[in-house]
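Just so it is clear, A, B, C and D label the chains in written order, and each chain counts residues from 1 on its own.
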Amino acid sequence: SVDPVSRLSKNDIERYSRQLILPEFGVKGQMKLQSTSVLIVGAGGLGCPAAVYLAAAGIGRLGVVDYDEVELSNLHRQILHTSDRVGISKSLSIVRSCQRLNSRVEYVPYHLQLSSDNAMDIISRYDIVLDATDNVATRYLLNDACVMAGKPLVSGSALRFEGQLTVYNCSGGPCYRCLFPQPPPPETVTNCAEGGVIGVVPGIIGSMQALEAIKIGSGIGTSYSQRMLLFDALDGTFRCVKLRPRSQACVVCGEQPTVTQLIDYVQFCGAAATDKEQELKVL
Amino acid sequence: SVDPVSRLSKNDIERYSRQLILPEFGVKGQMKLQSTSVLIVGAGGLGCPAAVYLAAAGIGRLGVVDYDEVELSNLHRQILHTSDRVGISKSLSIVRSCQRLNSRVEYVPYHLQLSSDNAMDIISRYDIVLDATDNVATRYLLNDACVMAGKPLVSGSALRFEGQLTVYNCSGGPCYRCLFPQPPPPETVTNCAEGGVIGVVPGIIGSMQALEAIKIGSGIGTSYSQRMLLFDALDGTFRCVKLRPRSQACVVCGEQPTVTQLIDYVQFCGAAATDKEQELKVL
Amino acid sequence: MLPITVEFSGGAELLCGNVKKHDVELPKQDTKWQIRNLLVWIKDHIIQERPELFLVGNTVRPGILVLINDADWELMGELDYEIQEKDRIVFISTLHGG
Amino acid sequence: MLPITVEFSGGAELLCGNVKKHDVELPKQDTKWQIRNLLVWIKDHIIQERPELFLVGNTVRPGILVLINDADWELMGELDYEIQEKDRIVFISTLHGG
């Protein structure tokens, strides 16, 4: 959904020279990447590193969705925001920082909450979606919307000293609902405001999300369809595990889907699509 | 070598709240971190993510060494520089970007080439050193200086689609020379200018360097003494391998060291401590 | 005795006194040890609080992923899988933070 | 026949036609297969160009780290290590870029 790029400018060749000389990537990979659009949902600890590395690599268009404004307690992990932007829109803040690094990318900030009403319209304009959100309801919403729109979903999450990464709905692999047909009980769900997080953990997972999006966009393909990366920062270990295949019985991506349009995900999950309430409780 | 911090300000408590609530880190870990100084040598693809996550977490003092100026071909991976800073000092550029994120850190930019003449003086002012350089001669220089000064050396490297990470001279583990007593033949050494690199690969390794430095600084301790992380971005795999212990025969950290002051590392390695010459060859 | 390793992560370890790795020896029994039996054994011997956040009915609660030797348990037979010596069985609470 | 896996990374694979992973079967021989024999076998059967960038004298050149089943070969006896079936032996050229 970006106009295909058929040649690189002199400026592009200089800027991207260090990746152009990689045989596995090359001029062809660069042109594909510049013809690719990526939507990042969540402008927080995962969204910041994901956005900056996609911008640096020269993605064609980068959309960033977040309804929230920058807070001081974000800055220990959300590295594209700045102290003097406390109170301004996070999606706009990310776009401003990325623009200074690479103005050759087209940026689209969305200062809104992704919902069942607007998700299909926004997602349909992008080739790849990154789940960098912080709540269960939006994760199910994004999954269903990506299945319906036929977009790969590069999903990252982080909490405390741990991170997880996988790619849903890509290369025939499973979707989020194939793995988790039922949402978790709300009392088992912890967010970063309640549970805390070491800032560089979403940094590493968000960077991995950028990597997998770059691999998909440039034609190399992802390593994480039907596989999940588990990262434990306390003991410094990474583990890659094999997941189940796509489920024929999946209500959204299966043979006879019963969920064919977006539903009420707050009701489905029994939990709000924001961590604001809990934040108030902690502060 | 930073004045010990004995209490957190109200601003600190809000800014760092998400890591303060982690029992393994806590107020004690935060105060230790704010009493810790880190020197990053190399303000490139590894140095940028390492610097920004150390700054975000609230390290006490951050020194950044680089003799070089920002170039357009750096920007696909060196995410703290900006298009309008092409031509200015890289160490200064990193400091300016980090300052906007967290002005409560003390920053020291060093616009110079680390050498046998200045290394001991600079390194002695810091608690932890990060090797984020791009050439063999500086890697041996940094190793020897850290052994002589008794500082842990968090070493990262990246090229093409691969990255490596380990921590030398820490918790009784080996140093760089224990593993590599002899330098590699110059014709086997490839740098990012010649070999290319996918930008987010040093992003992930540099973030891991920040993580290990944060773990050392906050008292958790590193997971990578006598262990090495090998990252392959093409197949998305991480492998953690066990290294040899400290060598009693090591010429710098062994029982009877023969290298007791810094030597001529360009001569030792048969290669210059810069990648400038090769860059000219490629462009 | 059947020696295996049971691990908890992603927050599931908070139900077991914040201990992630448990080297356990399952006692001899007349029938083969299946995952269905292990779940009950874990509830009785490892879980220290709020067992309803681990087991619901006879299986793990929604949101916990079970891995048998680094593979999703659905690939291995789920509750019917017969546990082998030295198996590593991991219960991961999926994360949602970002 | 002794089936093992030989891998190259960090740039060492460029000496072998850019192939990282090689499943090989070492032929039967009268004496045990040691790493010292494997190095020569690799030079003759896998390395396609500039063998002097792999072997110097009877050992690997400086800057190549040898791993036997994810452990530094120095922990395993280096050249004297006796190769076992299904061993994974990795030759990593250390990286210096940043």
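Heads up, the rule we're going with is that a contact is a pair of C-beta atoms (placed from the backbone, for glycine too) under 8 Å apart; a residue touches a chain by one contact, two chains touch by 3 or more.
The UniProt protein names, listed by chain, are C, D = Ubiquitin-related modifier 1 homolog.
Here the structure is a predicted model, which is why all the values come from computation and not from measurement.
Peer 1: What's the fewest number of moves from chain B to chain D, given that each move must go to a chain touching the current one?
Peer 2: Contact-graph shortest path, chain B to chain D, evaluates to 1.
Peer 1: So, what's the distance in Å between the C-alpha centres of chain C and chain A?
Peer 2: The computed centroid separation for chain A versus chain C comes out at 30 Å.
Peer 1: Just the number, please: Cα centre separation of chain C and chain D in whole Å.
Peer 2: One centre to the other, that is 39 Å.
Peer 1: Any chance you could list the residues of chain D touching two or more other chains?
Peer 2: Residues of chain D touching two or more partner chains: there are none.
Peer 1: Chain A: which residues touch two or more other chains?
Peer 2: 160, 192, 195, 197, 240
Peer 1: Work through the pairs of chains, note which ones touch, and then classify the graph as line, ring, star, complete or other.
Peer 2: Contact map by chain: line.
Peer 1: If two chains touch, include that pair; go through all of them.
Peer 2: The set of touching chain pairs is A-B, A-C, B-D.
Peer 1: Which bits of chain D are touching chain B when the two form their complex?
Peer 2: Contacts found on chain D: 9-11, 53, 61-63, 65, 67, 70-72, 74-75, 92-98.
Peer 1: In the complex of these two chains, what residues of chain A are touching chain C?
Peer 2: By the definition above, chain A touches chain C via 42, 44-47, 132-136, 139, 156-160, 162-164, 179-185, 187-192, 195, 197, 202, 228, 230, 232, 239-244.
Peer 1: State the interface residues of chain A toward chain B in the complex, per the touch definition above.
Peer 2: Against chain B, chain A makes touches at 11, 14-22, 24-25, 49, 52-53, 56-58, 72-73, 75-77, 79, 81-84, 100-103, 160-161, 192-193, 195-201, 203-204, 207-208, 210-212, 214-215, 220, 222-224, 227, 229, 233-238, 240, 282-283.
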